[in-house]
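Per-chain numbering from 1; labels A, B, C and D assigned in written order.
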Amino acid sequence: MLTGMHVAFLGGDARQLEVIEKFSEMDASITLIGFDNLEPKYGGVKYAELKEDILKTIDVLILHAVVTNNTGKIDSIFSSKELLLTKNHLKSLPKHAKIYTGYSKPYFKNLCQENKIELIELFERDDVAIYNSIPTAEGAIMMAIENTDITIHGSNCIVLGLGRTGITLARTLKGVGAHVKIGVRKHEHFARASEMQLNPFYLNNLTNEVTDIDLLFNTIPTMIVTAQVIAHIPHRAVIIDLASKPGGTDFRFAEKRGIKAMIAPGLPGIVAPKTAGQIIAKSLIQLISEDSSEWGND
Amino acid sequence: MLTGMHVAFLGGDARQLEVIEKFSEMDASITLIGFDNLEPKYGGVKYAELKEDILKTIDVLILHAVVTNNTGKIDSIFSSKELLLTKNHLKSLPKHAKIYTGYSKPYFKNLCQENKIELIELFERDDVAIYNSIPTAEGAIMMAIENTDITIHGSNCIVLGLGRTGITLARTLKGVGAHVKIGVRKHEHFARASEMQLNPFYLNNLTNEVTDIDLLFNTIPTMIVTAQVIAHIPHRAVIIDLASKPGGTDFRFAEKRGIKAMIAPGLPGIVAPKTAGQIIAKSLIQLISEDSSEWGND
Amino acid sequence: MLTGMHVAFLGGDARQLEVIEKFSEMDASITLIGFDNLEPKYGGVKYAELKEDILKTIDVLILHAVVTNNTGKIDSIFSSKELLLTKNHLKSLPKHAKIYTGYSKPYFKNLCQENKIELIELFERDDVAIYNSIPTAEGAIMMAIENTDITIHGSNCIVLGLGRTGITLARTLKGVGAHVKIGVRKHEHFARASEMQLNPFYLNNLTNEVTDIDLLFNTIPTMIVTAQVIAHIPHRAVIIDLASKPGGTDFRFAEKRGIKAMIAPGLPGIVAPKTAGQIIAKSLIQLISEDSSEWGND
Amino acid sequence: MLTGMHVAFLGGDARQLEVIEKFSEMDASITLIGFDNLEPKYGGVKYAELKEDILKTIDVLILHAVVTNNTGKIDSIFSSKELLLTKNHLKSLPKHAKIYTGYSKPYFKNLCQENKIELIELFERDDVAIYNSIPTAEGAIMMAIENTDITIHGSNCIVLGLGRTGITLARTLKGVGAHVKIGVRKHEHFARASEMQLNPFYLNNLTNEVTDIDLLFNTIPTMIVTAQVIAHIPHRAVIIDLASKPGGTDFRFAEKRGIKAMIAPGLPGIVAPKTAGQIIAKSLIQLISEDSSEWGND
């Protein structure tokens, strides 16, 4: 239980509601900032403005799942007011307080560091990345079904990367009946993919491997689906790039060749916000519980 | 090869294009009726109006995949003119000519019978129904992803019926990582489902089995998801009914209880028209080839 | 419950013990014939000789799982005495009594028919054959591991027949990571095997399909792996024939060519006698319970 | 190609033959030491005694897959003479020469180090360990089938450890239809096992998790299946310990409680020597080719 701990939520989307509910079940004291339009309102929680005095009393500050802004602006779909988290806000936090988010751009990371506030990015954690790979894979499957006129079953699919997302996606595609090939660079990834019957190939052969594909899914966060690769892809094929922006595809060249290519960020929050929220909640509570011996010590 | 055979297509949707292409590859003589808006036009085929004289010369008449009308009206997304197939049209067909469609309402079946024209419904065939079960299952998965805020992976799913569609759907859901239970009535279905680790139960226990589900998929073409069953389903659950209209769900009661329930007919043509067309083409050519010794004998 | 019903067991092997225990749990009155060497003896059951007077009182007679003899001889691993079931024994049974076994040779079937005693062969039933296909498949896998110097994973396997055994075996081989091809003759089997990603081919192509295989499993109870087929099989390959004796393989020619070929009957009783006994027990109790309204009516 | 490279093989078992063949295909010059009983003899290779002068000329020395002895004794099933690799032998090797084996006891590792000879243990490599996990899993499955009277399908299995062996074994058991639970200690292993539907639990709950199991497979190379754990295991259960000797099971206590427990070392060489040899060959050639620019430089 988190009885006695003051947790503030700043901004969020549908995922955050799951997190709030779990913290409420754990008996934390909860303050919601930037939830003025939320309907219906939760009982037993406080609603507040983003002001320094409220921040002084909190132990944990949970932000919107992604902090993508270069000004400290935090998004919230539950508020029409701007939420700007400034240096002064950070300074007003107690020393022991920690900030949690899924993923943050460098600007805000630096801001926290300069102000000696620990910022934890959940999506960096292996377990969270693996759990998030599940809704990501389902979103990719959904996009593939929507954007082709064939079945995934029996189609020729390539997945690039056998990381946390790639392994899940490749397994799921196979589960639906696709012919899956997976592009890797490490011998041990080749071995594991063989064991999983995922037909590995080395990425330096990529150009040769794409000539008969229907679908290409990329999870490698670097330019990998280059113009040269795209030149070998059949016209009917669809490229779904899951790597974080700007993806790993030469989209300009794909468009020029008339090949459908799309980048698909943030799938967990889109296709399964409730599951995505539960993943965040579970990980947050695990982390905070493991830390909790420290609370109230400063 | 189908050289020398005159095949006319009457109406159709995206699927028909695959069929036309396959017949063209097989060197049949092709006449398209009700394709006036098709762009670009195929070379090497004739375009005609629905007139008796053209019908006199054909060996095979292929209709839109479903004949749902009670007047002989045949749908075509490639024409804005009405296509009405009448008694007189049928009478003008040569005696040996056969008509093929996927599925027809009784009205048109009777019309053919009265005029001694053989009508073959492809979707009744076991092999075609099994092939069609694949895009049907993918369509169902897509709808499930779109209509829930959770992942299919880890969700509690029930499939009703271990027929041609049910077995494919249950396998696919399992492939995506769902917890699948399957409702059957025959001992051998129970045994096969056990072997496939699909957690069977007997349908007379349905009411008890639905209490913790997230998704219910029905493939049984009779009223099976009754008000009594729906009364035991959790509010969060979604019902996707695949059985042919009117489905097997008490939709009125589901709405009353605020449970999302939807009927989803014609998924193959919607989610994978190309694959669906290939299924039709493959089966048609197989059937016609097996028959072809008869051609030109009258 | 089977309270008041007198059930006699005649002969058996390890499987029968499971059946006896289940009937005991169901409160049947049990007499064991041909179990004199059983150790330890069950309490609460009678042990008897095969005599007419005891047969007069029984409702159900359960024989060893297979009656393979042409003289009415029933096997028992729990007795060193011969158990010969004669015409006179059958005549002494009450009219309503039924005899159950797994599978019987024609001789004994005829004997029962002539004496108007209903004989039920459990292994003929679809559900039982499906359940038995599971230990059969595991036995086949075990034999394959034992009789090759390669892994099943990654090997080229052919399964002949997509019947009750074939489907389970093919699925299991795939589950272990083999490349599986399956030989069928029906279009709907081809379709279902495609859906299950089991790479079907038509049996009339068998000779071409065997040229690169490591393992061939036959479930078709007719001469199918002919000399001509064997002539195309690589020397390293192993043939495991599961079809009931004499199997579907030209063993003489296989031996001549130096290809390892083996027939493997009765695998469930060998590799998983407890599971095999439970399958028999479950099915027996289901059948007898469904019948039980009839008991005591003559 | 390895043209011009002198490779000597010292001892071995069935696996070594695959390796020799692959090196022969790669055009290496081959000397076999300790293969005097090999029948039929390979053409184009030299047979030699273990003498210093032959060692002076070699580039690569490949030993029996495991060097388990504390005296430098190398096993060979192809010779009845003792093969003792001594300090003097090592000293006679050219400076650039390398020794390869699968796995070596510390004694021989130290001997090499003292004599400044590089010793490469292939089984330590991630890719090799993953490839070897496949025959290991098949061996474990075979043992499970042989040592139980039930089917693996439907049985309750526990696998301890989600390492290179554990992941393969758990997947294979699931492929055969077992109910699999997997014991882990890391959050990311818990997450990956969840994604793979392998029902993870944390090892500190092990005692509670074993109460209804049929089979327990251990891959953790430390005492984990303690007396306390065994005390909670049902009598019918079988323990198969795959961890390298002495395993992770309290065998003495298991025996006392009458629970079947067995250690199963060296499965790849036993159940699939050809595949195991190919794994070694592939990895050796990959490593040596990557190194080969160095050859002949001293």
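In this text, a contact is a pair of C-beta atoms (placed from the backbone, for glycine too) under 8 Å apart; a residue touches a chain by one contact, two chains touch by 3 or more.
Here the structure is a predicted model, which is why all the values come from computation and not from measurement.
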item: Which of A-B and B-D has more C-beta contact pairs; value: A-B
item: Approximate Å spacing (C-alpha centroids) for the pair chain B, chain D; value: 53
item: Interchain centroid distance [CA atoms averaged], chain A/chain B, Å; value: 38
item: Junction residues of chain B, two or more chains touched; value: 134, 153-154, 177, 194-195
item: Chain-level touch network, classified as line, ring, star, complete or other; value: complete
item: List of chain D residues in touch with chain A within their complex; value: 125-128, 130-131, 133-134, 167-168, 171, 187-188, 190-192, 194-196, 286
item: Parts of chain C lying in touch with chain A, wherever the complex brings them together; value: 153-154, 177, 194-195, 197
item: Residues on chain B engaged by chain A in the complex (per definition of touch); value: 14, 134-135, 137-139, 141-142, 145-146, 148-154, 172, 174-177, 271-275
